[in-house]
Each structure stands twice: as C-alpha cells, then as structure tokens.
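One chain, chain A, links the two complexes that follow: it is found with chain B in the first and with chain C in the second.
The block that comes next holds the complex of A and B.
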C-alpha cells in the first residue's frame, strides 16, 4: 500500500514537473513598472490595469506564436517605481538581470525615465558600454526627447509639439475672437513646466496669439525660445501646492481671452476650483495632455468645463471604447498614457511573432536583442485611434490625436485634426 | 547579480550620507544641510565628468572639496544657533541649493548633443561608469571601498582624542568649553568633514543613477540622512550602516510590493525604535552588535 502511495506520489510529482516545465517554456514574460505609490499613483494603477487587460486578451485569443509555430501564453509582473529615480533604476536592473522578461513597459515619470534610460547601453553593440541590454517600450513618460538616450529604449508616447501646434492653429482659425493668452504651470514638475514654456506658449505665439501683457522677450514661437522668460512672466505653482489664491487672482487680473493651465490633474483641479470661486473663468482654457484624464473629471468636472486638451486617446473607435471598458473593469481608467500600455502589449506580441522568439530562458539575452531589432524595424504600428508612425532614429512615435473638451463631466471629442 | 549590485550601490551612498550626518550628530548638531552638500557633490562631479571629461576619481574629490567648502561656510552661522533653529536654518540652506540647481542651466554641445544641467529637466547622461566599461561589480567595489574607508576613518576617530572631543561637545557644550575645548574649531570641523563625506556620496549617487534633478534632493532625503544615524544609534559608526541596510535593503526594496504601506512601516519603525531602543537599532540584543564592535569607553 505504502509503495503504491509512493509511486502515485512520484507519478504526481513527475506530472507536476512536466506541467511546470512546460508552463515555463510556454510562457513569454514581460515586465512593467510605474508609480503605484505616491502622488502619481493613479498613473501606475491605470497602466497595470490595461497591461493586465491586454495580456488577458492576447491569451484569450490563444496567446503568441513562437518561432516553432507553437503558441505561448503571455504573463507579466508589474513593479512599483514610486516615481523615484533610484527605485526605477533598481527595478530596471532587477528585470534585466534577475528575470526572463523579454521586454519592459514603463516607467510613469519622465524623471525616472531620464534616469533609468541612462543605465541602458547607449549604442547597441558598443562593447565598451556596460549599460543594460534589454528593450524598453515606454507608455507614460512623455517629456520630449527621452528615447534617444539609449538605443534600447523606445517610446509610444504622444508628440506634444505637433499636438499643440495643430491645436492653436485650429483655435486661431475657428475662434478669431480669442486674441490674448495668459498661463501658468507647476514649475517643479519637469513635464508640466517644460511643455508649457517650450511647447504650448510657443505654439500659441506662433499662431498669432498675444501674451496679455505684451510680447515676452526672446519668445519667437520657435520651440524653447525664451522659455525662462515665459516662466517668469507667468503665474506658477508647485506640484505639492494646495492653495492657489495668488495664482488664480493673477490669472483673473490678466483678463486674457485664453488661459493655459499646464499641470497634472491634482493641481489643475485645485487651481480651477480657486479660479472658479473667484469668478475668474476666461473665454477659453487649454490644458496639459496629462490632464485629459478621469482624475480631472472626478475631481473638478464643473470647474474644468470647456477646457480643451489635445490627446492621443479618446473612446472614438470600437477598439478604444473596448479598452476604456476593460480598463474600468480592471480597476483603472484609460487615458492617453495608460491606453498606450494596451498598444505596447499588442506591439510586443506582433514583434515576438515577426522576429521568431523561442521563449527559451537560456536564450533570453539573444532574444532581447532580437526584440530590440524588431522594434527598431517598425515603421508604423496600429494604435487605438489610428495608425502610429514610428520615428526610429529617435525611438519615438508620432501618434494620431484629437482635441477633447470637458463637457458634462466627460471628455468629449471636439475636433479630429485628421478630418 | 546586477540587481543586487545595484542595491549595494544604493546602500553604499546612503550609508555615506548617513555617516555625514553622524559626524555632526556626535557634536550635538542636527543638520538638514547634508542633502545640500550631497547635491553640490552630485552636480559638481557630474559637471566635471560630463562637461569637462575629467577622470571620476578627480571629479569626486573636487566635488567633495566644493561641498566641504560650502559646509565650512555654513558651519560659522550654525555656531550661533542650535536645536530647532539649526534644523530650520539648515533646511533653508538645502532648499537654496536645491532651487539653485532647479534654475541652473549649463548646456554644452558635445559630439552634437547638448549635455549638462538643464534646470527642471534635470542633468542627464552622467554615464562615466557605463561609458568607460565599468562592470557593475567594479562600480559596487569602488563605492564600497569608499564606504569602508569612511567607516574606518570615523571608527578610528572615535578611538582617538579628537573623537572624545566631538562627543564631549555633543554631550555638554558648556562643560566642554569650560575644559578648554574650542567649540568653533570642533563644530566647524565636524560640519566641514560632514560636507566632504556628503559631497563624495552625492558624486557617487549622480554617477550611479546617471541622472539628477532638483527632485533628487528634497527634504525627504535630508530626513533620511539624519534618520539613519539616529535610528541606527550613535554608539558607533556601524549603527548607521545597519539602519541603511534595514531601510534601503529591507523596507524599500524588500517590501516594494506593499506600495504606500512601506512609508507607514517606516514611520512605525521609528516610533517603535524610539520607544524600545532609544539608543538605536544597534542595541537590539538579538544581534549583539554593540558587543561585536566594541568601542573604547570615553
């Protein structure tokens, strides 16, 4: 009897080993990381929810096809980098050296991206450079020009200079009564301040809008021109601020036709509430791309009413609507940052199938290089609201976008510049 | 292994930062300026390697000297105040430094690419280690040689007359002064020495992370700098090391999956240690650390 139990146990063990061994060989791992703690927590939560939904979808459809024609499931691990450079780097190193993940998706914050991209090898094949050799496809960190830090890093993030250029061209054409502008930003947030002073105000000036107190020195409309003077001419705040009375008063006093509010959802809402309390609302408002999110609609839907933002995600196609629903079902929300995570998973699936990945853990280094080459070879990818063009000398994307405005507690599409 | 080397690097420069605060705490000065010196060391050495192409050893040394010069300057006004006023004054110094770097834009074109500090956009591509073929174990070895040298120097200091003088000032300034100790020399020397160590730590940090910006040097890091020696205990230098390993290695890295709850645990830990081991983690009997590293009674 005992020997029978023993042999049954052995058989079960052998079966389990085979199953476990098979599962390892039949699973393609990817890794994601972003801020799941701290003030930008919602960004990581949203990205993870969408990565999970995308991977579930791939697996429901049979998985991903490997080099030998067999199908493998996809799996992911998501790490909290807390919008902290040290932690982002630690995760990049962990994923690259301690896991079999083929590729990473993330991070949330541009500062973390700027730091962690620096620990990757700058030029592929440079044997004198000991940086990490693992491809990374960013979904969220949007600050200009980060992907070119390393040839292993790619981004599927919107191109803000193009977005704001087209937005102000459209406003100038459709709203000729809007002539003067005034604005402010959260100066200690690189993305908000950089995009505001180097991109948004410049685009407005380029299309004939006038700064309310007269032209700002050295600002010509060219990206980055006189950006320091833009900041000193504006009424700004910090990301941690909770009181905006001075800034709101300055905005109201300016009397400009159009206000530019370049900040993330948390201070955007704080500022707009104060501006509304002071009855200082202008004829038109333009916001930062990152604020076209559910957080603003949850935090200050009434005060944000009418704010216009260009965004690379809106539920205007069947696929985009489905992703928005899946994100909600997974405890997140889809916006221009998190929706890119869905696209990234699908891009990764396509590249795996195109370059012929075996999923053999012993070949992970070689297959990561194949994945990188596969990513670099892409000229276009399928986005949720249209085709995405790759700018591969910089590892960046040119994503389609629409202009949305806050209306009745939702972001509604105001104009599609492709039409 | 690269991941573990990375954690060891973090523990290394955080230990140095903690030790810079430890040196001041010996003289009874609770300084939040260490993060300011850390930032000066980070930016100065980064500028030297990235813009001027100087060797890392020289860059770290010069960065530490610049940081210690500022610490020397801070040391004099700091003599006139103590306790909470010193905390406020040193926070102000660190904020001045942080905001200076927040506004510092010093871009130079190198090989067709603009490099250098770029205000709020930060200072990228401080890639001396990777660009010069340093393997992760080279970097971690280098950082830990520096850490061990500093640990040894402070351990030795605690065993000679100078260490006794520092502790005497820390215990009772009036009594120390009455026995002929020159407070100005002792306190300014401790501030300068602490600035030098923080400057080296900053340089290593910048080159290890490859990127720094003003957000890297906030009041939170200043709090960590003084929390390490206080939590670890001032009985000897190894308390700081122990606290850094515990916070950076276990609380931050090991409990990453807990997200925001990690910060709660950190607060809880401080409350527990202050209540049960007011002289620091090094006195926990389970480890018998104080017996392992005996310090001469003074």
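The block that comes next holds the complex of A and C.
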C-alpha cells in the first residue's frame, strides 16, 4: 500500500516537473485565423478544412519530431477575423500574448493582413519596437508585397505580378490577333481593384496590348503606375451589385479583343451573364486569380467558358488531387488560397523538426523566434503542384502556377508555363 | 468612353426596369408603415431569407426549381410573422423606437443566420426560365425579358394591393386600424390579426422580390440584403410612406437615377446621388411624392 502511494507521489512529481517546464510537450499548437463570417466566410471555412486535414495527416503519420527526438501531435485553434481589420488585429494580439501557439496561419483578406502585419515587430531584435513577436505564415491574403511589413510575417501566396506577366507574355505570343484590352473591377474589394489596376492591366500594357480607347495617362506597364487612371478609365462595379447593365454595355461598346474581369465569383457571374445576354462576349477574357473557384463553375459555367486565369492550384498532381478530396471531405474546397494552408502546415512541421523545438510552454517566446529564423532560412519548399521558391529577404513565395480556362463546366489546365 | 444620347436612354431604361425590385421592396415597407405607422427594417432581410428558404427546400427535396418562386414568397410571409411577433407584438405599441431597433436587430439576425447556413457563399439561383435569356431589341435600345416580367408583376401587385385595401373587408379593417387604432379595436376589429395579415401580405410580396432580385443575377448572396433594404426604404420615403403608387413610382425612379449616375459619374459616385435625392425630398418635400401631409414646425 505504501509503495503504491510512493509510486503515485513520484508520478505526480514527474507530472508536476513536466508542467513546471524544462520538459517537452506532447502537443504543438498552431493558430489559424481567417474570415469565417461575413460574405467571404467560405475562404475561412476552406482554409480551416484544409488545416484540419493537414494536421490530421501529420498526426496519423506519428506527429512532429521534437528536439529530443520524441514525437508530439499537432493541434490548432481557428479564429474568425471576419475580413475585418480590427478583429484581425485583436486576434493576432490575443494569439501572441494569451496562447502558446508557436505560429499563426492566416488571415484571409489582404486588408486585414495589411493592418494586422503592422502590429508585429517590424525588425527582429529591435528592442525599441514592442510589436508582436510571433511568426505568421499567410495562406490567403494575396495583395502584392504585404510580407515585408514585418520580419515576423511570411506568406505562401502566389505572386500575382509574376503570374499575370507570364500570362500576358504567353497570350501575346500565342494569340497575335489579340491587340486591344478593356476591363473593370469591384472597386470596393481591395484585392480585386488593387490587382486589376496595379498588376493585371500593367502586365497587359507591358506586353504590348493597347487600351481600347488609347493609352491611359501615366500607365507605363510598371506595377502600380497610374493605377488611379486605370480605375477611372474602366467600367467598374461594387461587390454587392446585382445590376451590371451599364458596365456590360460599356464592355461591349469598347469592342476590345480581350476583356479583363477582375472580381470575385458573386459579381463575376452576374456581370458575365449580363454581358452574355447582350451578346457582348469578346474574343478572349482574363479573370482574377480568386475567380478560378468552384463557385464560378457552379454559378455561370456557360458564360465563363473560355475565361483564362493563372492559378497556383489545380488538381494536376497526385498530391493536389488528394488535398482536393480531403478538403471536400472536411466540408471545404481546395483552391489557390486554401490549398496553401496544407503547404503551410507541412512547412511548419519541417521547420519545427529542422530548428529543434521542445514545445515547452515556458520557452514559447524563444521558440517562436527559432521558428521565425527557420522560416526565413528556407530557400525552397514543397508545393502541391511543384517546388516553391522562397524570396527570403521579403518573406514571400514564388509559387509554381498554371493557366486554367473554363471549359465544359470545369477549370482545365490550358498551359503550364514551366513546360 | 464617350456617352451618347442612346447610352443615357438605355441606362435609364435598364435602371427603371431594375428599379422594379426596389419598387416591390418599397411597396412592402410602405404597406407595413401604412398599417402600423412603424418601419420594419427587417423587411428586405425577410424577403431574401424567404428566397433562401425556397432555394434550400427545393434543393433538399429535389423539387422542380420553379417552385422556388412559390416557396420563397410563402417562406418570406412566415418569416415576416416571426419578425412581427418579436419586433412589434411583444413591444408596447407606443414604443416606436423600440420596434425600430428590434427590427434592425432582426435584420442583422436574419442576415447572420443566412451567412452561417450558407457559409456566406453565393448560391446559384434558378433564373426566370425563358425570360432570363430573353433580350428584346428596338432599334438601338435593349430590354431585358426578366426585368420586364418583374416590372409587370410589380404593377399587377400594386393593382391587387389597392384592390385588397379599398374593395375588401380586410382592406377596410386594415385602413381602420391604420387610421384609428383604438376606435378600430372598439369596433371589434382584431388589430393583431390585421397587422399579421399585413405582414404576411408584405412578406409574400417581398419574398417574390427577393427571388426576383436573385434570379436577375442567377445567384443569391447575403450581400443583397443591405443594399436592397436601403434602396427599398428610400423608395418608400420618396414615394411617401404609406403611399402604394408612390413606392412603385419612386422605386422605378431610384433605379433610373442610380443607373444614370452610374453611367455618367461612375460606380463610386453612383449612390451619392441617390442619397442626395433622398435628402432633397426630405428637405423640400418631406411627405414624399404622394404621402400624407406632414406638418412642419
């Protein structure tokens, strides 16, 4: 009886030692956040579904190897930032200061990313800067150049300037009959309008395509040049609009060879239906990366037929096909945004194993710094459709991508620029 | 891009046709205001909610999609009853602000329920069959078949409601409740039943408008709720709260004004002019186009 009590005391002491620190953890926590409410809720739902699938996969394979060689399971909490900057900032602060999460994944919206990256410490080791010191690896927010806001923020998002540059180079080469362009965007959606005016139109101009009404002032083809003039020269709408008659008529009247439609699925379909009704379809259409989704194929497959979009995700490899199936099984869908969440979990696992993490809650600050250094040191990572090159000094990624087009109700690969 | 006379005319035609949806929603606002002298801010949300329920049930039970246009209005009528019970029936009739705030709460509640049930994703909505693709050309001017259908429906609705209000016992009772609540009660008119009837009637109308709004773009999204609420409310105010023909005419007018300024000033300024129109009416003609006289200090 006495020996039993002794054993129990020893066990309790060992447990207390582990709890008190100096021991390894059996669970490594990560935090995710994205829009799980509001009109862009599907983005957060898709990301969470894929984070869950990826963590399940890691745990099924034994977990993640810690510094002492033991294995720990991974777990996650997912928070709703609702595409709201204040909410995103509050979550970043909460996760960094009140949880033991080693690293974050998120957010969904570029506006939230732009605001919340600003509360992280800008330069590592700057003692005068009391900003958050937790690494963050973004899966979705795609607006150009956000990661450089802080040395703690990294992104595994596609590089749209590169994608559209290659796309228009390819179009110019393979479709010499396409000369003129015209377009429009959702002006109250940061990604749609920003990418349209600063990236897509510029890429087209750079490769010799002409704006249908003559050159736009200050637009040289350089990223961001004269972007306000691009917007004022275009026929635009708002994200919540349902009537596109004026815009569709302007597109039709322009008579351009190529239309650029830079919007998310809801208005993309509404606009294309109006254009189709007016029999105003052009020779070629280019869309926004975010529109290469299942929603467009459900909403307006006939009208979107032929639309070309560059995307960093397509089920063209066994791994990508598997992730697409797992996403569906978890109540989400895999697209260029959410599929990055899978890659992020795998990157995090690899970095944990490479830098030697103990998971000891008392060392969370130190280990977050180790994770940051580990992420910064990465030169390449394994992506679902190919190797991803890290732009180390900017915290950004150069992801492989393909050009897809809408064909018979599906997004099919039209061209792989790597070939 | 240069704007010609035909462009202006076409934008006005398109806008007026699309304004039919604002007119139908404005009609609902005005009906409820006419009966109770209270604004039901959750009206457009109930309408969109009904369209969602219609779509959900049709999908769940694999029903023919045209039934969405029947189930949706009925569901909107039922949602309207709920809104009446929680935002009006349970709140003292003299507490106008309380009902207004409760209905704003109901608006956001319905919107959030929709967002959570659909994950906020736009859903494909059945189009109006042969009307959806129909596009009629008269010279250089084009007319959308589905919007013509909606406009005709709006005008028929107006006729039916005027008939119900002025030529039936229900209408007589509704007008009595509207004009002198206490006297109507003393005459034995069941005012809550009359109010519920008004909500159901407005709800059915709104449900149809919600289905039409979604059908006109082929998708339904929670993003529709707030703009339709605002434009419908403006239609009701400009038309004159309580005026049926006013709501219809103002709804069509708002559609035209909105599209005209979209053409000439662009999307970012479009709504400024619609709100300016509202402001002008509130200052210069506070009783709207056809509303009852509102005394000013």
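To be clear about the criterion, the second predicted complex is superposed on the first by the 395 of 419 C-alpha atoms of A that agree within 3 Å, B and C clash if a C-alpha of one lies under 4 Å from a C-alpha of the other, contacts with A are read in each partner's own complex, and residues count from 1 in each chain.
Note that a contact is a pair of C-beta atoms (placed from the backbone, for glycine too) under 8 Å apart; a residue touches a chain by one contact, two chains touch by 3 or more.
Everything numeric here is computed off the predicted structure, so don't read it as measured data.
Colleague: Tell me the contact category for A:213 with respect to chain B and chain C: first, second, both or neither.
Modeller: After superposing on A, A:213 lies in contact with chain C but is clear of chain B.
Colleague: On the A-aligned overlay, A:121 touches which partner chain: chain B = first, chain C = second, or both, or neither?
Modeller: In the superposed model, A:121 contacts chain B only, not chain C.
Colleague: Taking the superposition as given, does A:265 touch the first partner, chain B, the second, chain C, both, or neither?
Modeller: A:265 sits against chain C, while chain B stays out of touch.
Colleague: With both complexes superposed on chain A, which partner does A:187 reach: first (chain B), second (chain C), both or neither?
Modeller: The answer is both, since A:187 touches chain B and chain C.
Colleague: Contacts for A:38 in the overlay, against chain B (first) and chain C (second): which applies, first, second, both or neither?
Modeller: Once the two structures are laid over each other on A, A:38 reaches both partners.
Colleague: So, A:413: does it touch chain B (first), chain C (second), both, or neither?
Modeller: neither
Colleague: A:172 in the overlay: touching chain B, chain C, both, or neither? Say first, second, both or neither.
Modeller: neither
Colleague: A:369 contacts which: chain B (first), chain C (second), both, neither?
Modeller: neither
Colleague: Just checking: does A:237 make contact with chain B only, chain C only, both, or neither of them? Give me first, second, both or neither.
Modeller: second
Colleague: Of all the chain A residues, which ones make contact with chain B and with chain C?
Modeller: 37-38, 41, 187
Colleague: Hey, which residues of chain C end up touching chain A in the complex?
Modeller: Chain C residues touching chain A: 1, 7, 10-11, 14-15, 18, 112, 115-116, 119-122, 124, 133, 135, 142, 144, 213, 216-219, 221-224, 226-227, 255, 258-259, 262-263, 266-268.
Colleague: Would you tell me which residues of chain B are touching chain A in their complex?
Modeller: So the residues of chain B touching chain A come out as 1-3, 5-7, 10, 102, 105, 120-122, 124-127, 129-136, 208-216, 252-253, 256-257, 259-260, 262-263.
Colleague: If you look only at chain A, which of its residues touch chain C in the complex?
Modeller: Going through chain A, the ones touching chain C are 35, 37-42, 45, 187, 213, 232, 235-247, 249-250, 253-254, 265-266, 269-270, 273, 277-279, 295, 298-300.
Colleague: In the complex, go through chain A and note every residue touching chain B.
Modeller: Of all residues in chain A, those touching chain B are 36-38, 41, 79-80, 82, 85-87, 89-90, 93-94, 96-98, 111, 114-115, 118-119, 121-122, 128-132, 143, 149, 187-190, 193-194, 228.
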